[in-house]
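The structure that follows is given in the form of structure tokens.
A, B, C and D label the chains in the order they appear, each numbered from 1.
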Amino acid sequence: MKTVSRIPVGILGATGAVGQKFVLLLSSHPWFEVRELAASERSSGNLYREVVNWKQTTPIPEAIGDLVVKECRPDLDCKIVFSGLDASVAGELETDFASAGYWVFSNAKNHRMGPDIPLVIAELNSEHLDISPQQQKSRGWDGAIVTNANCSAAVLALSIGPLHKSFGLKAVDVVTLQAISGAGYPGVPSWDILGNVVPFISGEEEKIESETQKILGQLDGDRFRPADFAVSAHANRVAVVEGHVECVSVRFTNKASPEEAIQCWQEFRGPAQELNLPTAPKQPVVVFSEPDRPQPRLDVNKFGGMSALVGRVRPCPLFDIKYVVLGHNTIRGAAGASILNAEMVVEKGMFPAGQA
Amino acid sequence: MKTVSRIPVGILGATGAVGQKFVLLLSSHPWFEVRELAASERSSGNLYREVVNWKQTTPIPEAIGDLVVKECRPDLDCKIVFSGLDASVAGELETDFASAGYWVFSNAKNHRMGPDIPLVIAELNSEHLDISPQQQKSRGWDGAIVTNANCSAAVLALSIGPLHKSFGLKAVDVVTLQAISGAGYPGVPSWDILGNVVPFISGEEEKIESETQKILGQLDGDRFRPADFAVSAHANRVAVVEGHVECVSVRFTNKASPEEAIQCWQEFRGPAQELNLPTAPKQPVVVFSEPDRPQPRLDVNKFGGMSALVGRVRPCPLFDIKYVVLGHNTIRGAAGASILNAEMVVEKGMFPAGQA
Amino acid sequence: MKTVSRIPVGILGATGAVGQKFVLLLSSHPWFEVRELAASERSSGNLYREVVNWKQTTPIPEAIGDLVVKECRPDLDCKIVFSGLDASVAGELETDFASAGYWVFSNAKNHRMGPDIPLVIAELNSEHLDISPQQQKSRGWDGAIVTNANCSAAVLALSIGPLHKSFGLKAVDVVTLQAISGAGYPGVPSWDILGNVVPFISGEEEKIESETQKILGQLDGDRFRPADFAVSAHANRVAVVEGHVECVSVRFTNKASPEEAIQCWQEFRGPAQELNLPTAPKQPVVVFSEPDRPQPRLDVNKFGGMSALVGRVRPCPLFDIKYVVLGHNTIRGAAGASILNAEMVVEKGMFPAGQA
Amino acid sequence: MKTVSRIPVGILGATGAVGQKFVLLLSSHPWFEVRELAASERSSGNLYREVVNWKQTTPIPEAIGDLVVKECRPDLDCKIVFSGLDASVAGELETDFASAGYWVFSNAKNHRMGPDIPLVIAELNSEHLDISPQQQKSRGWDGAIVTNANCSAAVLALSIGPLHKSFGLKAVDVVTLQAISGAGYPGVPSWDILGNVVPFISGEEEKIESETQKILGQLDGDRFRPADFAVSAHANRVAVVEGHVECVSVRFTNKASPEEAIQCWQEFRGPAQELNLPTAPKQPVVVFSEPDRPQPRLDVNKFGGMSALVGRVRPCPLFDIKYVVLGHNTIRGAAGASILNAEMVVEKGMFPAGQA
């Protein structure tokens, strides 16, 4: 697969916050080449650099800035598209693309819980991708939709997944402190968050609870059986730009000490690591030993933003252990996760070779 | 007690962050009159307004600004002192004052867990004050020490206390998002907290866990029997100036629904309310119905900063209910709580009438 | 005028950020009574408390919360309206109201620079109100429009106005550090301002330069002659909620030292003070002596938010003196200024007594 | 000079904020190799990684973390030292090192204004280094001290320097909005700066005014003649982590339009560029065309943090032109500037070849 000529890909919703992250991460990707950028009608027909309200800390990649933005219609010159579309339009547009033969790697919430849609974290449940042929058959699609998790669910799942595999989970309690970039741009008004905490994010807790169970569940023939541990989530918004902090307590089926959990995390490698996928972090879960780490401003960009950064692992008076985990919400929790899923699909040979 | 001539009081550590809050809250108090300000040797001998690094949003009360600051020695012209002393010196100095006949209402951590020291929230466990005669006797003190809780423990206890009395608590899980004012001045470096979360506050979790159990425990003869429910705390520092947010989950001995909990809170009144103490909030726990409240920047100063502000009460998949509570950390969690305790002691007649 | 029965007033744009400030300031006004609230069609017909997204730190005034919101049409039961309308609609709607006989006290930018529209700071140029009869005559209006200045221009003008009257101004240089509340709600995205400075606010510098000259100019028969000193402005947005900080340098016609400037400010009183208008601050310009004050978070709410707070007055190597001034942008720079103007109109007897 | 074996260097004050930046920038330097780390007595004798309170967003460079920290005494195994010492000790210690034969590249303020001490921005006044032999002779030193400018002065000077060379400066007015990292760690308390502006930084304005004149002045035989244009500075602290924003207005001897200024900046190259020094930015001054840029959070790390980033160049009603400039205060304004100066000294052959 990893030939000299790279696979052309497109980005849907390319001017948005997640779209910009796709642009950055894909601009120097060894397998994929950004050939198409699609956005709303208002932007189409113009150079990307002229219409994007670029809010990243590195410049627009030269070559991508000069691409002409197209409308989000399934007539793009590529067969893989990454979707950073807003939920208000993602449902229908992604269906249009999948129906027309595109493999859609979506960051939108719309299809995630669909009964035949895989919701994938490449280190944890890449076997869920095996439902794709059935998805294509039952829906009459030539393409397919593969989704990645909500940003908070992704960080949580990546940290509890290894524990679940090793010790079995019975209960998970999580309180999130989420960065404002998770809400896109313009997103959270500064009036709401400067010097403040908003102890509520609409729909977030439900997503964390249900998506985590789906990801760590089983693909059982033609349906997903969710994991049967209970999850309770409380979501807060805080004045941080990038990086979700989550305070997690877990109860195991088979008791494990903090030390055993740490060893489990440090040894954990998933198929994404075994296959040495380009976007896969060397170590999916990194454990900090400092008493006051990880911290979003200092640590979020370490390890390429693709690892779950765990700290403060200790016994819990109510559960078995508790800890804090930090993850990059727009990389591990969004664009990076989508790209890793696409790499897995390509590497597994699910994406028709002739199309690449 | 509430005569025309007010009771003279002193403030130990008057120039610090908590000391300044004492000054503000006592400057127009109907029972107490600030007669003495004491601080470090460096400040003593000067006018308060000349040595204090005043960091409050209202001006220094005129009359108090003109007081001469004294050293923290038990030769102040008053019999009640409020202590905002730093923990590095509070232990010994407060003992000196109590030994010399002063009633010390202390916000410092040093004596809180002492076996004969009451740790009081006036709405919840004012009967713990009854240990004072024994404290005086066994220690040979003419005065006494009464402590109030750690800021986070105070807010937590005020919200779970009514539930414990009505339904019995079996387990309490709390994750805090704490304001920087809790660390005093200069306190938290801006380098650490701007655009950041620090998922650790030294010693805080232990205090929350143990103090909550002491407050909601029983005074059993000559000793305190801590409440026997388990508490698990995770403490975070966030970029908020005033107001601690806490995400709480509780399990009851006798099941109660969110609606029953809300009714319990709305009906709850403690002895501080029944006695109509000047600093007692009309309603100790206020429940918000908006989906995204309470928020520290908008709500922390409502109701005089003395109520626990509860919101988002809902069922919990793991515990019985979960909710968020906000409290003013330097009022309800510090100076205001001390003053309310002093009012209770005076009203109960424990403080020798002749001394007032 | 100051009879027992208060004058009924209305608020246009009552649900917006400025509208909410009008509600707060007018809720306990001794002369005015809020009888009418008007907003967009979407809100009309509902109780104010049901449709307003209340973002103030004190609760909605009880009585006003229960008013039914109406549409912004000139059939309100009052003859004075305060306009917090958005500039996109204020121009036309305010004309409609003035034409229909209402006195409109507007915070919108649309009419400010109109050749027969007074732009008034009640301490400085209340004589500009004398153009109103001519405005009514030439436009065929029964009512009138009175505007107040842009928030930054208001703070600047209030601080340089007394100097101009005493020493004459030749040149004014100002660099602003403006709070996010100046942009309303949702206003500035948190993505743009968290840990950041935006060195640009669209249209702001032009407003500061031209409005300042109009305010400090002369009403010369039927036209305004702008003051002839030059003004240069640079506007920045910073991560502050309320309070604009401005660094000002001025050159005088008649030299004055920092001490003379300070004395000028401390002695300055305008007609608003002489008439003892309810919203007039006792001292329009307050001078701080501390080396590092004023600061928005600590000082903005002092003196009712209606004074210009000056500090760091010192000689300037390029101009004559330089200083920093802080003003409350949504009180002195918006709603409070409008209300003070209305008080002046009523006190001057310009507003027909029979209508009150 | 640029041989395979790199020149060993030491860092004084290696555990502090500037010291950490030196460590980061030197860890992969092509000419210099960090051989010695020196800090306070308290830290000496331990591994760097064990004593440093590392506050950077990238990890401690592996090899440097394993160095043993020494005391700041002139017995280090190198001949070039970079000083990030605190001003309270830098004066004497730097003298000790210079006296003992070390070339000291200092970021401390202590020696900057010394009559025989060069204060150098490598693009602007590298000829000031020619005073070094005289410095050595008159002071009897084998080594030398070379200083770089205060962070705000550095950014200002780099932006006005090219204009001065091309058009001559008559007057410069600057208002700064400075990041908290300029104050080191712990530095600015969060209580002072969260949601706030502090319109004062002790000693900063004097440094900006005098250092700018020295840098842009002439080395005239054995003394520096300061530039004779006047500078007026107002310094503010804002809630930004890294990157100083400065609003600048300038008056020229020979008139120049904004367009001519922009062309001047874009064409400007100094000796550091001509010699292609490793730390020299390709373009010392970069001009942004977007109306609202540069912004610290988005732009400060672009171009390696070594360029002055200019925007909003426009005519000024009072001066000739005005603009905004952003610079990285701990790179261009501190550690990076020192390193560039050292490169210049080495490249010029001033540093004895035998010592390298």
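The criterion applied here is as follows: a residue touches a chain if its C-beta (ideal position, glycine included) is under 8 Å from a C-beta of that chain, and two chains touch if they have at least 3 such contacts.
Computed from a predicted model, the values in this text were never measured in an experiment.
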B-C compared against A-B, more contacting pairs: A-B
Pair from A-C, A-D or C-D with over half of its contact pairs in common with B-D: A-C
Computed distance of Cα centres, chain C from chain B, in Å: 41
Length of the line joining the C-alpha centres of chain A and chain C, rounded to whole Å: 48
Mean-CA-position distance for chain B and chain A (Å): 43
Multi-chain contact residues (two or more partners), chain C: 55, 192, 194-195, 239-241, 297-298
Complex contacts: residues of chain B adjacent to chain A: 171, 173, 175, 177, 192, 194-200, 202, 209, 230-232, 234, 236, 238-241, 245, 247, 249, 291-298, 311-312, 316-319, 322, 324, 326
Footprint of chain B on chain D - complex, ascending: 17, 55, 180-181, 185-195, 239-241
Residues of chain D that touch chain A when the two form their complex: 55-59, 194-195, 241, 297-299, 301-302
